[in-house]
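Following are the structures in question.
Next come two complexes built around chain A: one with chain B, the other with chain C.
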Partner chain A sequence: MKTALLPGRNGGSFTFAIRLLAVIGILVCALPVAIVTIMSFSASEFTGFPPQSFSFRWYQDVWALFTAADASSAQSVSEATLTSITVAVLVMIISTVVCVPLAYVLARSERRVREGMETLFTLPLVFPLVMLGIAFLLMAESLKLELGIWRIVIPHVALVLPFVLRNCLGAMSGIHVEVEEAAVSLGASPARAFWDVVIPMMKPGILAGLIFALIISFNEFTVTFFMYTIDISTLPIWMYSRTVSSLDPATLAISVVIILFDLVLILLVDRLIAGRANLF
Partner chain B sequence: MSDTHLSIENVTKSFGTVHALADVSLNVDRGSFVCLLGPSGCGKTTLLRIIAGFEAASAGSLTLDGKSITGQPAHHRGFGMVFQSLALFPHMTVAQNIAYGLKLRKAGRAEQSQRVEELLEVIELPNIADRPVSALSGGQRQRVAIARALAIRPSLFLLDEPLSALDAKLRENMQIELRRLQQKFGVTTILVTHDQAEAMMLADELVVMKDGRIRQTGKPTDVYRKPADRFVADFLGSANLVDARVGPGGKLVFLGAQTGHVAPFSENAKVSVAVRPEDVRLSLPGTSDTPVNSAIAAQVVFRRDLGAVSEWILSVGDVEIRARCPRNQNPDASVGDEVAVDIDFEDCQIYAG
Partner chain C sequence: MTSHLSRRLAFAFTLPALVAIAPFVAACLYILRFSLSGEQGVIEGFSLTPYYELLTPYFGRSVWITLKLSLIATSVVIVLAVPLALVLVTLQSNLARRLLTVTILLPLILNLLVQAYGWVLLLGPSGVINSTLIALGLTDRPVRLMFNETGVLLGLIQTSLPLAVFPIASSVRSISSEYLEAASSLGATHWRSFRDITLPLLRPGLVAAASIVFAFNASAFAIPLLLGGRRVQMVGLAVRDMISPLFNWSGAAAGGMVLILLTIFVLFASNYLVRKTTARIGT
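This part shows the complex of A and B:
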């Protein structure tokens, strides 16, 4: 049966429109990445596009920034990078430790409870990030505690929870309670059955959640902008500080490195979930 | 002499205000194959889950080999169970699935692999030990699930509609296989099903349930021949339930015709008669093989030939009766024709009301 809306073999009336939309979509998604990548290879100090000549000088600059003991800036890029990685790893671990049992309990609870809780944990997504940043800042200041790195970790956990939880719930939905009962009938205690059966079956969803937590936390800017201090800052904040007055092409080179790193992780997620979990 | 293995006493289960099981008592003999049969929602699965330990009874007790297991957690009971969804572990190979219960019992590697091989031999699927479960066909998964449950040498073997997902032919083969395995291992078995043919085929002891109560317990043929009430008669073998009354001398008046059969009810009592479709004999009226005395005139409403047997629907007044005749006893009649219906009431059960 032919459907009028879908392009037919000889090209339906909508083929042109669909192709045009696809091209626009791809351009919008890919252009920033392409421009940043091309610009990072520019040989000139001036950040005009397209560059007149190409070189690796900005990559060498980045290398120098990381290796040289930096006294000029209040916080060195290597310190910021280390903080970013530490924060991302902590966020990844905490959100997973929270979400795996949570997803298990929600998946096994009443539908009404499950849906209510899912909505609750999705709230950080609909909250304007600036307001979320202000809210966390107010909370952190009113606590009057020396939070250290946790002043960034805690807001990040709130931000990544919906993604990690969705992935874990997606993984749980494929695990019938009878599989657990089978393990129990064979002599496993309920805790052992959870460990032997539920966790391995959830693994793709858990890993996908881990990687999302890592990427989102590592790239987070808005909320972190409210929370960073002179001592505790992240790489995106450092990059912003280098571009706010005039664009330092070295940040473009850093971006390319981060993009490559994220790309590898996203490809990994794609392999892991293969249609079994969702990204909203 | 009966040797009671599992004894269920006065088990009741309520979910809020809903009574899933009401005062169920049942004794299961050692080595016997018991089928819990009933329509969906009759409580048969709840009863099995209480036996397995996945649900706690609201009241009542379970006794295994004379010891109470009422409050014992499921993982200490040591019952092998086959689930409706089979519930194989998809992240393990066939061998790992079968050996899982042995691993939990800290059996040595050699013992585990020996037992796995032994069971794969029994289910006639050697050489699949290292395959992932996802690579198996429906029938193979079925057998692996059975092998996994039997690997732990269970004291009770529980099955929750394990064959319902298979197609008809495969199901029939698996029924034979299951019965053969059960007899080979001599394990006391309880199977839940809503399929009366399956229950008839497998059971030593048939337990018919409805609305959380046991309606009848007995050997399949006894339950089939002498259903205790109208529900059992209808559910098992789809009997015709025909309203009748008792005439003078206790003789049955069936569809307006006076019969010679004496029913054990008082005169003028209203009764209903359960007539099995295969107990209805048909002939052409006025031919030599028409029984003169008890024949009732009926009209053919529907007829279909299924090869070995033919199914008929006949109307007598406003009552419809289903009949099933062997191939060589079909009268030469088609829809609209008149036939003579003859029923031997000795084969029928008669219920009050």
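This part shows the complex of A and C:
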């Protein structure tokens, strides 16, 4: 249907050039991930390429790191992972719980209100991440706020709101007022109509938003880099502090686990919103 | 439409989200206020000193490096993103399209550290590229590719490419193939119809994508931190150095405001450009 844009046969030098550039683009995207995956199976301590032989020893090392007895030390990877997961889950729940009702109201309100609110909730997306980190740090430090884990959760919530809201609004776009009115005319209260009719219809969008929040929070580095403390630090920060001087293959093995985790979640989102919306 | 939604209910439904975004708004205002402080460590009085003190060759160089690298990275990203978008949209097989989408999307979402590790393994002295060059006998000593601008540039290109591909792909989708068929039936070559039809129709999408990519790159922090080895002092890093070793908080706030204003300026300018070009096409 769209073959005229990029002719397959008889394309000549044009199709060749476009395909060549596309392949370069794919390589640029995929090479770092591919090479991390390959090197994590190297049998040697030396991270030079090509690896002389392959093994699972770094994965065993990672397993040992997680199950080691000194899991109580401040720098332990299991603690950082646990913090990462706790933060991501809190961020996911909070952002979704606040965005679902907001999306419902916005979808039913005047265009001006809707556009204004959407702009406000898109701001964190265009705000430079470094500045977000510095702004939150300055505020927390100079006001001497004791926030515990919320030091990281609060900025992360701001970061994921644009994505969650967009998914919820997308889910609302197909749900017309008539559906609710039908439920109400059949005797349901407006609250019940919202809970039993609208929410189930929004479900794919809500789930996509949930997963987006989880992925973004779990992978976040820049803002967390400013906000972490010795007691509360996440997995990316742990990886950074471990590799600040040199790269060690055990971190590559952890990286591969993270890559797999992200891949599974992206495929899930893709499935949930397949055909109905763009990922971005 | 709002008739059945009482004001009180609408407010109750909006309030939690406003509470969630309030710290962000507060942080933005706080940093603006701090950048006008008369003292370096606390908010005290009003003064423009933090901004005057940015007028050093050091910070100027940071701004210059940031603008230069972001501009080059954005140009390369657009040159790579248009072909990728064309391929993505014209792929026939559903599975292939899905695989390509995930491949492009992954760098945007994946932990930046993991990607930086990938570049270290590729560009390092014993990395893939240098081993290959040495094995081929093209060089006898490793070429320096990392901890300089080349490494940072590659990292920026890779992490911002997805931001451009998806918006451009949706612009490509909206091009009616009838125009191109008409052009080719009139004897235009593929290059000619690409230059005279596809590109002009894509222009608003390209400008929008370029501005997002530029803003993203200008405010990059993790990539220059991890791949620049302290030698490529982009504004993000320079601002952080004011906080961490120097404790010049008001200076950092002012530097940050410069970065924010730069980003906002680019976004607005491109918005204006898009509106201007679409208006012209419309007439």
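Note that in this section the second predicted complex is superposed on the first by the 261 of 280 C-alpha atoms of A that agree within 3 Å, B and C clash if a C-alpha of one lies under 4 Å from a C-alpha of the other, contacts with A are read in each partner's own complex, and residues count from 1 in each chain.
One rule holds for everything that comes next: a residue touches a chain if its C-beta (ideal position, glycine included) is under 8 Å from a C-beta of that chain, and two chains touch if they have at least 3 such contacts.
What you are looking at is a predicted structure, and each value in this text was computed from that prediction instead of being measured.
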- Task: Once the two structures are overlaid on chain A, check if chain B and chain C clash or fit side by side.
- Result: fit
- Which superposed partner A:S245 touches (first chain B, second chain C, both, neither): neither
- Query: Which partner does A:L102 contact after superposing on A: first (chain B), second (chain C), both, neither?
  - Reply: second
- When the two structures are overlaid on chain A, which partner does A:M201 contact: first (chain B), second (chain C), both, or neither? first
- Query: First (chain B), second (chain C), both or neither: which does A:F127 touch?
  - Reply: second
- If you count the residues of chain A that each partner touches, which comes out higher, chain B or chain C? C
- Task: For A:P190, decide between first (touching chain B), second (touching chain C), both and neither.
- Result: both
- Item | First, second, both or neither for A:V179, with chain B first and chain C second | first
- Message: Let me test your reading of the model: by the given contact rule, A:S53 touches which partner, first (chain B), second (chain C), both or neither?
- Response: neither
- Message: Applying the document's definition of touch, where does A:T67 land relative to chain B and chain C: first, second, both, or neither?
- Response: neither
- Message: Can you work out, in whole Å, how close the C-alpha atoms of chain B and chain C get once everything is superposed?
- Response: 6
- Note on the structure: chain A positions within both the chain B interface and the chain C interface are 181, 184, 190
- Seen from chain A, its contact residues with chain B in the complex are 176, 178-179, 181-190, 192-193, 196-197, 200-201, 203
- Message: Taking the touch rule as given, give the residues of chain B at its contact with chain A in the complex, in rising order.
- Response: 52, 54, 73-81, 83-85, 87-91, 100-101, 104-105, 148-149, 152, 158
- Task: Name, in rising order, each residue of chain C that touches chain A in their complex.
- Result: 1-2, 4-5, 9-10, 12-14, 16-17, 19-21, 23-24, 26-28, 30-31, 34, 41-43, 79-84, 86-87, 89-90, 98, 100-122, 124, 126-128, 131, 154, 157-158, 161-163, 165-167, 170, 172-173, 175, 177, 180-181, 184, 189-191, 194, 198, 215, 218-219, 221-222, 226, 236, 239-240, 243, 249, 252-253, 256, 259-260, 263-264, 267
- Message: Please output the residues of chain A touching chain C within their complex, sorted ascending.
- Response: 1-7, 11-15, 17-22, 24-26, 28-36, 39, 46-50, 94-95, 97-99, 101-102, 104-105, 108-110, 117, 120-121, 123-124, 126-139, 142, 154-155, 157-158, 161, 165, 177, 180-181, 184, 190, 215-216, 219, 221-222, 225-226, 236, 239-240, 243, 247, 251-252, 255, 258-259, 262-263, 266-267, 270, 278-280
